[in-house]
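Look for chain A in each of the two complexes below; its partner is chain B in the first and chain C in the second.
And then the complex of A and B:
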């Protein structure tokens, strides 16, 4: 009789341990896979690559960027989004645009800004100047540079600054 | 008879203590693992894959910006301009603007140009 009671107690104990271990494993998996991936930097890189390919691809400048005389066209600046097939639209009307793209054309000789334009949310630009540890809640900035040559043999340094906000979607 | 009962109860206390300590150890180990998993979860970054998981074919390390600059460099006619541009590109590379290896990309593009 006494032994039977002890056996019952032991089996309840083992069952409790089993439940504790199972809950622990569930918590472990949940805490690892529950954390979201931060893809903002990759997204910003893809965005800058897309813009770069639109401006200069295969050694040729976008046909609507320059006039035959080699002058930058103002209408390219105005219709940049359509020209480069970009769409920053967000689902909700009151949600701020989570992207920013700024393009600068600098002269080859004296690195002077010759032509520039930007689209998207300007407010994120200040986030790029803050370089602190643990700045996950700030927008991610990626700056890329390359040299391009126009048909009139002029060289420009093209600087593309792309910023992705989306902090809520990419951080915990 | 009395001494026998005393001995039995001592053994029971010892065994119960062993189980309590074992349970505590299991719980502590679990807490440590849960904490470790949550810490590891925060370090997840897209692109940090082990070499054994990715073959050379699946991920190509390409810096399109360096390639574009090289296309500009090789399409120039003036040798003077070429020299100046190459110096500027090298200084950008030293600053860490370009991600890909400068010389390997250069060689690759030269070979592709010669093929054409």
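And then the complex of A and C:
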């Protein structure tokens, strides 16, 4: 084999290519590992599941949700957080509450809202209406609905909307 | 210059060494990125927070912290100090100058301790009870 003129130049090109490949790999790896794990959707799912289980579990309505006459109790709404073992308190008073839960009870016959309440940060509700690509900076929303049969044989459609903010912790 | 059969030039050796060095640095970088302290703290704090959110009173969970233990051992932090659950926040701290916290919404009492049972070294045990103690 004979070394020709310019062969050293080829090795310089070779290393230039290696450097370009390396820079590409570094950028790709950084963009992958640099992102936090986004668990907000799972969290919102767990939140709505917890609220659903609190309201109606195993075919039984929460004992403090209805009066014996089958009327919704206002004090359930007022003490919802305590009744369902929820705590949205955050460390700093300047940090917004990162959750929202809205519950609606609709009549089975005419889908009329019969009773409703919500807790948490109302500001996130508007994020659920925006459906854009690359909306990871918006809060994550999960809607769940199920039918609830009371002891007085009345049937309600229960709609739960759970939202998790926490944008800073889950995105870059 | 003419190369004879089987002859290896110094330039060839340098070329190969540089290539191997380049690949080694790249592999080292990739391994380091995948096992970064910050990434591990982030994933563990979120995992534990989600486990707490889905827990019910009376449950006992064993959580595998082996990867976190490897990092904390390297940084000289005691395994029993890497997890903190307080005021509805899970904090995982694998070295003195790092740490990640994540909020959970489940209002439940959480007791946690490193598991000392044989075969469960590197695990944490989480036990859950009602806040009012019932």
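Please note the rule applied: the second predicted complex is superposed on the first by the 140 of 172 C-alpha atoms of A that agree within 3 Å, B and C clash if a C-alpha of one lies under 4 Å from a C-alpha of the other, contacts with A are read in each partner's own complex, and residues count from 1 in each chain.
Everything that follows uses one rule, which is that contacts are C-beta pairs under 8 Å (C-beta built on N, C-alpha and C of every residue); 3 or more make two chains touch, one makes a residue touch a chain.
Just so you know, these numbers come straight off a predicted model, no measurement behind them.
*Asks:* Should A:166 be classified as contacting the first partner (chain B), the second (chain C), both, or neither?
*Replies:* second
*Asks:* Between chain B and chain C, whom does A:33 touch in the aligned arrangement: first, second, both, or neither?
*Replies:* Both partners.
*Asks:* Return first, second, both or neither, reflecting whether A:13 touches chain B, chain C, both chains, or no partner chain.
*Replies:* After superposition on chain A, A:13 lies in contact with chain B alone.
*Asks:* Check whether A:90 is in contact with chain B, with chain C, with both or with neither, and answer first, second, both or neither.
*Replies:* second
*Asks:* With both complexes superposed on chain A, which partner does A:42 reach: first (chain B), second (chain C), both or neither?
*Replies:* Once the two structures are laid over each other on A, A:42 reaches both partners.
*Asks:* Name the contact category of A:24: first (chain B only), second (chain C only), both, or neither.
*Replies:* Only chain B is touched by A:24; chain C is not.
*Asks:* May I ask you to decide whether A:146 touches chain B, chain C, both, or neither, giving the answer as first, second, both or neither?
*Replies:* first
*Asks:* Looking at the overlay, what does A:50 touch: chain B (first), chain C (second), both, or neither?
*Replies:* It touches chain C, and chain B stays clear.
*Asks:* Give me the intersection of chain A's contacts with chain B and its contacts with chain C, in residue numbers.
*Replies:* Looking at chain A, the two contact sets intersect at 29, 33, 37, 39, 42, 49.
*Asks:* Could you list, by residue number, the parts of chain A that touch chain B in their complex?
*Replies:* On the chain A side, the touching residues are 13, 17, 20-21, 24, 27-29, 31-35, 37-39, 42, 49, 52-53, 56, 58-59, 108, 144-149, 153, 155, 157, 172.
*Asks:* List the residues on chain A that touch chain C in their complex, please.
*Replies:* Within the complex, chain A contacts chain C at residues 1-3, 8, 11, 15, 18, 22, 25-26, 29-30, 33, 36-37, 39, 42-43, 46-47, 49-50, 81-82, 85-91, 98-99, 166, 169.
*Asks:* Contact residues on chain B for chain A in the complex?
*Replies:* 19, 23, 26-27, 30, 33-34, 37-38, 40-42, 44-47, 64-66, 68-69, 71-73, 75-78, 81, 84-85, 88-89, 92, 97
*Asks:* Spell out the residues on chain C that touch chain A in their complex, using ranges where they run on.
*Replies:* 1-3, 11, 15, 18-19, 22, 26, 29-30, 33-34, 36, 39, 42-43, 46, 49-50, 53-54, 87-89, 102-103, 105-108, 130-131
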